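Below are two complexes that have chain A in common, paired first with chain B and then with chain C.
What follows is the complex of A and B.
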């Protein structure tokens, strides 16, 4: 497609698929988690927040190592895979999605949590005095008011998934057509001294990252102006 | 079943270091002012009434139990109330119109069942031209009017207002007060209104709950509490009594109105009004002086027979005297503030018949006059 050989095109397609599925799953997982972190008064809340943030600090190899154990044939991942006759979730696309969700989770939870915290109690109290049940208030008040945070979280989650390398290499194994995404493909091209292909993907990543960060800055500007 | 509708509230508990022990019963009719200094627990009581805060107690509105001692507690969203916060707290992501309709019953048949009608509220609050704007582009006064409209359109049976004017400057306050008076006069909706500004109480309230340090120190009709020397109101420098009078005659040539009050007749400078109209009168304690004999010709228009009810010494040199209008002392009560020396030299005593001279009588805008 676009005159590009499959070995370039397929990693791009896989990357986009992986990042899209990961981002959508992240919004489903991170939004309630962020809501709980922003609103709960439970004593273990900050411990849970720390756990979620760990992937930001840990070397990807540490995360990848544990994921390998958990997703492998002797871990719960193997048990789940056996449901459809598989042996392991490691070195599969599903495994990549799971790994990406965990490694990108803090980048999505944090902005959404901040957005929910910024909404505060008052709009929800107002909603309650207007005969609005808590669940309805979540959908009609909290979520729309926090939507800039959700958008930021989604963009960061997508971008971080595209940029992930270590975890993906460890649990994906860089299998062409199945788990070789752009970041690992570049590594492969560079190792085999195929500079032209490496350049093409690396350059694309630079342009992508630039566009993401610029659009984030512009979005933020627009929201702060609208909120003033 | 024959008992008149009432608001019954009793809340007892501690929030952090603050101890609340507040109980009162007030008619579920007209405006009840929750009055007291900052930090006395007014907002806490209001939040308890709304169920936004849960501490032990009882909350019963017009026979409906919202909370009782046995642990039953109706969550806020199931209570038919409206709440106006100190800051308008409009939903920033919705237009003024959608803010107003946020709490309106979804199957609104246009308020045909005697409810509060959208067009009427919008008209009453003067926000018709704001409907399609965003709350971000409104002034403070406009925002607060939208917030009041939003609360009203949820068809509440009780309206709770937490210092709705305190975040506004004086000019904006004066812009909103007439709207609140219109609401009081045109909607048959009981209101509990928090303020620490006695001027707002005197203009709006029918009855008052007086609070201090987490306790209720008095509750009852406004004029009773104002003229009760055991409460701090009567001793205040700007002490006054507010009560109602009925227009008897208007003297357009002199710009005066004559009003019938309990135990006498008062004349006040005011634009003419229809006979029979009810007007709110305010008489300040330092404008009232006492004589033992009927005074001769005087520049003071209002001289009425009255009887001394009680006297309370103030700081060092002043006293405040409660008098009741009428020869038999059965009429409206006034306060008179005078030097302790005058009290002694005139030989005044409790129970004595006297004449009151009222230098100034102030009238609030007529009920219905603005509508």
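What follows is the complex of A and C.
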């Protein structure tokens, strides 16, 4: 595609697939989690929030190491894989999705939680006086009001997954078309002195990262102006 | 009074910072397969000469790239002869310093399936993942691919292959049993009793001649030259053989 050799194009396609699936899964997982973190009064709430934030501070090698064991034949990953005749979730696209969800989770939960917190009690109380059920209030009041936070979370989750390297290096196995994503392909090209290919992918990453951050800033500006 | 104590402490601290410069240290880039013997050799080297060899482990290909970009290594112990040769040709290493310090042996190892008869196991293909080192960056990976081609199983097994970025990661994939079997260096299995192994007949791949070379950065370093001399000596050779390498 676009006259690019498969070696370049396949990792790009795979990275986009991985980031898209991870982001969609993250929105499903992170939205209720963020809602709970924003609204709950449970005493262990902040401990749970800390747990969610851990991947932000831990080196990817720590995640990669534990994932290799948890996804492996002796862990729950092996049990899941055996459902379709596999032995391990390491070296699989599914394994990469699981790893990426865990490592990008804080980047999605945090902005959504902040957005829910910013909505506050008032709109929900008003909805309640109008006899709106809590679940209906969530879908029709809280979620639309928090949508800028969801958008920020989705963009950050997508971008962070595209930039994921350490975890994938440790659990991926570098399989073309399945686990060889852009970041690990760049590593490979650089290690084997294929500068042209490394340059092509790395340059593309720089442009992509620039576009993501710029659009985030512009979006935020627009929302604050709309809110003001 | 307090101030003098503080000043003395500061002087002491600064001297201790300067100390490692006086003591001779060499930085050795070691191919991952040679990790364990290199550790033993470096310990003995320190005991005998007082010099310290700081070891850095990785894939030979990665090291070569780093060396061409002025990595702070003085000695390079590769897992092949091509990269040290290229380092000399491209002016990164001292000519005539290159020699073969070990000849490696490739082993098929498994903790899941029986590979006592490795050829039969490879041909039967009763496994999902086979781990090798990245053949472009690691010579043991290249030898593994050559072996599978020589046995005529390459096309059948290619979809099952997972790659470690060095032979150390290839080993780790098998050790955690994420891959059922894979090709590693015999030296990595030193003292390992788990699983079954099959020593690959040496006619199935090009010999793994592992060359050492003194890099230009170490041309004037006593410790670096002493380390290479020690590596050629009888004590180091005994360790190398003990780990299952042959010697030239």
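Please note the rule applied: the second predicted complex is superposed on the first by the 228 of 228 C-alpha atoms of A that agree within 3 Å, B and C clash if a C-alpha of one lies under 4 Å from a C-alpha of the other, contacts with A are read in each partner's own complex, and residues count from 1 in each chain.
Here, contacts are C-beta pairs under 8 Å (C-beta built on N, C-alpha and C of every residue); 3 or more make two chains touch, one makes a residue touch a chain.
Everything numeric here is computed off the predicted structure, so don't read it as measured data.
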item	value
Three-chain arrangement built on chain A, chain B and chain C clash or fit	fit
Chain B versus chain C as contact partner of A:19, first or second or both or neither	neither
Partner chain(s) touched by A:125 [first = chain B, second = chain C, both, neither]	first
Which superposed partner A:192 touches (first chain B, second chain C, both, neither)	second
Superposed arrangement, angle subtended at the Cα centre of chain A by chain B and chain C, nearest 10 degrees	150
A:145 touches, of chain B and chain C: first, second, both or neither?	first
First, second, both or neither for A:33, with chain B first and chain C second	neither
Partner chain(s) touched by A:156 [first = chain B, second = chain C, both, neither]	neither
Touched partner set for A:69, first chain B, second chain C, both or neither	second
Shortest span in Å between Cα atoms of chain B and of chain C, once chain A is used as the common reference	51
Interfacial residue positions of chain B with respect to chain A in the complex	50-52, 75-78, 80-83, 85, 87, 89, 91-93, 102-103, 105, 136, 150-151, 154, 160
Sites on chain A touched by chain B in the complex	122-123, 125-134, 137, 141, 144-145, 147, 226-228
Residue ranges of chain A in contact with chain C within the complex	68-69, 71-74, 86-88, 90-91, 169, 173-175, 187-188, 190-193
Partner chain A, residues of chain C touching it in the complex	59, 61-62, 64-65, 68, 112, 128-129, 131, 134, 136-137, 161-165, 172-173, 176-180
